[in-house]
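After this come two complexes, each holding chain A, first together with chain B and then together with chain C.
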Partner chain A sequence: MSLVFLIFIPILAALFIPLLFKRLGQIHTGWFVLLVPAALFLYYATRLPSVMEGGTYVSELSWIPSLDIAFVAYLDGLSLLFTLLITGIGALVVLYSIFYLDKHREQLHNFYVYLLIFMSAMLGVVQSDHLITLYLFWELTSISSFLLIAYWYTRDRSRFGALKSMMITVFGGLMMLGGFVLLSIMGGTYSIRELIAQAPELAQHDFFIWALVLVLLGAFTKSAQFPFYIWLPDAMEAPTPVSAYLHSATMVKAGIYLVARLTPVFALSEVWMWLVAGVGLFTMVWASFFALKQTDLKGILAFSTVSQLGLIMSLLGVAAAAYHVEGAADTYLKYAAFAAIFHLINHATFKGSLFMIAGIVDHETGTRDIRKLGGLMSLMPVSFTVALIGSLSMAGLPPFNGFLSKEMFLTAMLSLQEFNMFSMDVWWVLFPIIAWVGSVFTFIYSLYFVFHTFAGKHQPEQLPKQAHEAPIGMLISPVFLAALVVMIFFIPNLIGDWLVKPAVAAIQPFLYDSPQNVDIHVSAWHGFNTELFMTLGIFAIGGLMFWTLRKWQHLYDLYPDAISLNRLYDEMMLLSGGGANRFSRIYMTGFIRSYLVYMFSFMTFIVLLTLFLNEAFQIDFSNLAPIGVYEIVILLALVGATLTILGSKSRLTAIIALGAVGYSIALLFVIFRAPDLALTQLVIETISVALFLLAFYHLPQISRKEERMKFRFGNALVALAVGVTMTLVALSAHSQKALPSISEFYKETVYSEAGGGNIVNVILVDYRGFDTLFEIAVLGIAGIGIITMIRLRLTKKEGQHENK
Partner chain B sequence: MRTNDVMLQTATKVVTFIILMFAVHIFFAGHYTPGGGFVGGLLTASAIVLLMLAFDIPTIKKILPINYVVLTAVGLLIAIATASASIIFDVPFFTHAYDYFDLPLFGKTSLHSALLFDIGVYLVVVGVTMTIIQTIGEDE
Partner chain C sequence: MEIVMSVAIGLLFMAAVYLMLSKSLIRIIIGTGLLSHGAHLLLLTMGGLGGTAPPVVADGVSAAEYADPLPQALILTAIVISFAVTSFFLVLAYRAYQELGTDNMELLRGTEDYE
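Right after this comes the complex of A and B.
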């Protein structure tokens, strides 16, 4: 089957979910959903052997050929690895959700529809070779994430978190679109592969640095890097399967993917290396430090995810440095890209299991507050074991996979000493030091997470529910992931050959031309080297600090909330919302008459200016028909009726006079031989008079006593201007013809081509049928609008701002 | 106190049908002589409005139990369906088809897919006009 169609399979499956939920409600909808990622995973796994050899697949579906936009699915080592993560973890998460979400109480159809949309979007992100469709899928992941975070939409915090994540990631997405557009202008193509091929020329371009920064903004917001990470902790309001899937294993790694994918394009630039490595490393240490401040289990995991994403990001930055080193494949720098991808896989396994355990604890005890938890070890032995494996792997202890990738991380950071460009000669030392500090805090919060939940004293009186072990079905996925955590430790080179090396070859095509050339062997023991001593230091210092955690944890309270990034975000939202409100209040008076004044003044201004600039004023009386008696009489009636409206004391008189104006115009149409217009005008006039009479009682009195309208100079001026403008336009239009009239064309073709006789109606239904279609659509919308305004009575609620 | 509107009511009973007949005529004649779905729809609406003025809205709602919002939606659907039907025959969106047929009673008649589209327009115009007038008129 064509690869590009496979991307859309989850979204197509989503179409059937509501039906399954309605018709087969007694079977948990998740069982049907499970088939989709599981089948896709198996299918994509069959592509592994050839991709491992360095093979790639391309499949294209043209979408908007005139704009050169197409869906292009490109499968190489990197995208296949992500694809397997998305479908594999997806299957496990769906399985877990079947037991997490109750089929009677939860709106499963919503949940699974969003989840499947997300799956398609994410597959699209990692497989698209076309920048525009990549962007499209990228934003679709933001939108589906928004919907999933707000799944329990009755909760304030859910809506707040959803909006926050959306604002930040969509902001980044738009910046990224700008970067993509610049890239396509520079390279003359939307294809990432073609851009990579011309990377050296791109680097010379003036736009290069702009494109780089804009693309990084997209990647950093999505992957929750400092200072944009603040959305991720708030996204934890989502149901736990969503947190495990989107906000730890897949969506937040889209930024990592993008950086990895575009490394061959941007690696030439020193800014890229500095930004990616620097921001990544800073995020890592910052988030691991603040993870200890959290009291919510999922909050700890959120900060830990941010920190780990920073770690992977910094490794990719170092991997870009390899571009600048002669023979980098023989130095320790080569470890960076390998470590990044390896840790990405490991992170997905241990963090996925930890999130699921956090969900289980929440589900079985009723709280996620770590201060209330403790002593669950004996009550929930299986969960405890899984949590222990996950946490120790995260902390970097053997025999778990986290140990291997953490060692490589330190190796890669130390390898920067071999990189002596960009005046790095002294400063490189900072990188391993910061990495080491971050690792110490990672070690502490890992222990904090597992031991403060499962060890210590059990406090049953603090828990809303009687704690007990989770049902078997809920444990399958976390146990499976925990088993992987241990297994990968013992077979790292198998994983390396099958998954990591093909991805590394895609990130660093300048070093390797096929996955076999990646000469890296992972071993748990490589002698007494600097990394080992650093690791031992982490265990010693980290252990000591964890032992004394109670004594210094309160220091976090000293950090003032007033200067936090969250506060900045809140203030910005309030300022933009309130500012926009204040600004529109200046001119939104609530009176139609003011709006009419704005519209008419602006219209006359624009029209007169255009006429003046184009020197279009022209009056030519030579080609006019004589003015007959009827015209004069009708016009007099028309002017008379208009004056009556202005001078009338009662509204009824005004309405009838208004009707007279309309009927006079209809008569004019008759004289000018436009029966269609006359007919329509007559009926419209009749109906609108009736409408006015119906609405008569609802209109406000002109004033308390019945008296004439006051003369207002401003209004009179606007009215005069409109009249003069229209007259000038009409006269000028009549006096000059830039193009021959189209009516000849209609006359010739109305019978032969359109099979009709009445040009006006044939124009409406055939020649310009599109216009009519949209017009009736607008009419329908107007009708709905009036119902909304009158029946539903949108009452004014002053000063109620949603985000306050 | 109610005003005496016997004359209006009696006249309305006759006039309404004349207007409705005229509306139908003008609707079908539209492709060759003045008229069409838009005017036809407006005329129909004006007939109903006349009824509403002569009697009152609750009475008219009883004898014409039509949900005008649904009517609008049906009209829009017919219009869009006619426009998109051409895609099935592999011609561009909104291509109309017509031919001449010898029908009993009518003789040589042209049948045009534009008429279907016009039915959509007709229904939307009736629906929206009546929705607006009824909503405003019922509001107390």
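Right after this comes the complex of A and C.
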């Protein structure tokens, strides 16, 4: 089956969800949904052996050929890894959600439709080789994330969180689109593969640095890097399966994916390396520090996710540095990319299980407030075991997979001492130090999460519900993930060969031709080296600080809310909303006069500008009709009547003068040989005047307070401008004919083709029959409108309340 | 003749716009009436006012001698539509006055207030 179509399978499956929910409501809709990611996972897994050898698959579906836009699915080591994460974790999360979301109380059809849309979008992001469709899928993930966060849309916090994530990620997405467009201008192609092939030339281009910064904005907003991370904690209002899936395992890693994917394009640049590594590392230490301030279980996990994403991001920055080192494949710098991908997999396993445990605790005790929790160890032994495994892995303890990747992270940071460009020879020492500090806080919050929930004193009086262990179905997914956490520790090289090395080869094509060339062997024991001592230091200091946590945790309260980033976001939203409101109030006055003035002035301006810019104004004196006495007399009557309207005191006079104008025009039609027009005009004018008088007759009060129009200079100026413009247009239109008129065709064929003698009538009913049909439709609509208005009664009589 | 007509058209448009910018709903409607008259004459003048015979096929008249039928067909459509619009406006004004007791646009201004 074509790879491109596979991307759309979840979204197609979503079409059937509402039907299944309505018809087969007795069976939890999740069971049907589960089939989609599970089947996709199995299918994609069959591609592993050949991708492991360095094979790639491409499949293309043309979308807008004229703009060179197509869906291109490209499967190599990196995209296959993400694809397996999306479908694999997706299947586990759907399984978990079946027990988490009640089939009677929840709107499951909404939930699963959004989730499936997300799945398609995410597959599209990681498989698209075409930048524009990548952007399309990227925004689709933002939109489905918005819908999922706002799933419980009656809660204020949910809607706030949804909007916040949308504003920030879509802002980043738009910036990224700008970067993509610049890339395509520089490279002349939208294909990522082709851009990678011409990376050295791109780096010489003036736009290069702009494209780099814009693309990074997209990646940083999506992957919740400092200072854009603030949407992620608020996104925790989503149902826990969503948090586990979108906001920890997949969507937030789209930014990581983008950075990894484009590393071969941008690695040449010093800015790229500094920004990615610097922002990533700072995010890591910042978020791990503030994770301890949180009291919501999911809040802790949100900050921890931000921190871990920063860690992976910084590793990718270091991986880019390898581009500049001769024979980097033989130095310690080679570990960075491997560690990034390895930790990405590990993070998906342990963080996924921790989120599910947070959901279980919430589900079974009714609260996620860590201050009320405690002592759940004996009540929820399975959950506790899973949480312990996940947390210790996150803390970097053996025998769990987190230990391996954390160790490798430290190795990669230390390896920067081998890198002596870009002033790194002075500053490299900062990297391992910051990484170490971040790791200490990571260690503390990991223990804080698990022990403050499960150890300590049980406080049943604080809990809304009687705490008990979760149903077995809910435990399957977290237990499975926890088992992976342990397993990966013992078989890291299997994971390395199958999943990590193909991805690393895709990130660093400048180092490796094929995945086999990635010469890295993971082992738990390296002997007594710097990394080991750093790790021991983390355990010692971290353990000590966790021991005394109660004594210093209140120091976080000293941090003033007034200068937080969240406050900045709120102020900006208020300002932009209020500013836009004030701005539109300046010109949206509510007076029809203002709007007409805008329209007339703008029209005059545009028409005059066009006339003069194109030098279109000219008068042709050669082809004029002769001036006759009758015409002049009628025109004088017309002008006189018009002036009467302007100057009249009484509205009655104005109406009669309007009639005079109409009849003068009818006479003009007679003189200019338009008998049909003259007839129609006479009839219509008579009816119009009668209507005016009828309306006037029914409005007797108005006539009593009549007054002459006051002269207003502004209005007169606009009117004069419009009049002059129309005169110029009339003169120019008459004086030049760019194309021969179609009238000649009508004149010649009216008898032979249409069998009629009256050319005007034949045009109306034959050549332009549809116009006339729609004209009748307009008359009909006006008639219906008039009847409706006459029947409409706005003022209700006393005691009549229709809405009650 | 076309030049004279162009000036007259300009005058009609000028008067129409001036009336439409006034406060009274009745005057605005009269203004739209004048505007459509101006537009009709504009169409007629654009096609040229030449031609010695009405656009009805007759023996012994060559194609060049007919007046231009296309603007006439357009104007015929426009007359009917402007009539529909004018009558709609009139009923709107009449009903608005009945319900609200004024035809002054400044008093008819909506009162939507946010903040």
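In this text, the second predicted complex is superposed on the first by the 639 of 804 C-alpha atoms of A that agree within 3 Å, B and C clash if a C-alpha of one lies under 4 Å from a C-alpha of the other, contacts with A are read in each partner's own complex, and residues count from 1 in each chain.
Quick note on the criterion: a residue touches a chain if its C-beta (ideal position, glycine included) is under 8 Å from a C-beta of that chain, and two chains touch if they have at least 3 such contacts.
Source: prediction; values computed, not measured.
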Inset, instruction - Tell me which partner A:A754 touches in the superposition: chain B (first), chain C (second), both or neither. - result: first
Inset, instruction - Please work out whether A:H734 is in contact with chain B alone, chain C alone, both, or neither, and reply first, second, both or neither. - result: second
Inset, instruction - Considering only touches as defined above, state whether A:D497 meets chain B (first), chain C (second), both or neither. - result: neither
Inset, instruction - Kindly classify A:I687 by the partners it touches after superposition: chain B alone (first), chain C alone (second), both, or neither? - result: both
Inset, instruction - Figure out whether A:L646 sits in contact with chain B (first) or chain C (second), or with both, or with neither. - result: second
Inset, instruction - Compare chain B and chain C by how many residues of chain A each one touches, and report the one with more. - result: C
Inset, instruction - Kindly classify A:I786 by the partners it touches after superposition: chain B alone (first), chain C alone (second), both, or neither? - result: both
Legend entry - Touched partner set for A:I627, first chain B, second chain C, both or neither: second
Legend entry - Touched partner set for A:I619, first chain B, second chain C, both or neither: second
Inset, instruction - Quick one: classify A:G769 as touching chain B (first), chain C (second), both or neither. - result: first
Legend entry - Shared chain A surface residues [contacts with chain B and with chain C]: 675-676, 680, 684, 687, 691, 695, 698, 756-758, 760, 764, 772, 779, 782-783, 786, 790
Legend entry - chain A - residues contacting chain C, complex: 581, 590-593, 596-597, 600, 619, 623-628, 631-632, 635, 638-639, 642-643, 645-646, 651, 654-655, 658, 661-662, 665, 668-669, 672-677, 680-681, 684, 687-688, 691-692, 695-696, 698-699, 702, 709, 712, 715-716, 718-720, 722-724, 726-727, 729-731, 733-734, 741-744, 746-748, 750-751, 756-760, 763-764, 768, 771-772, 775, 778-779, 782-783, 785-786, 789-790, 792, 794-795
Inset, instruction - Sort out for me which residues of chain A touch chain B in the complex. - result: 675-676, 679-680, 683-684, 686-687, 690-691, 693-695, 698, 754-758, 760-762, 764-766, 769-770, 772-773, 776-777, 779-780, 782-784, 786-787, 790-791
Legend entry - Residue ranges of chain B in contact with chain A within the complex: 26, 30-39, 42-43, 45-46, 49-50, 52-53, 68-69, 72-73, 75-76, 79-80, 83, 94, 96, 98, 110, 112, 114, 117-118, 120-121, 124-125, 127-129, 131-133, 135-137, 139
Legend entry - Of chain C, residues touching chain A in the complex: 1-24, 26-28, 30, 33-34, 37-38, 40-42, 44-58, 63, 66-70, 72-73, 75-77, 79-81, 83-88, 90-95, 97-99, 103, 105-106, 109-110, 112, 114-115
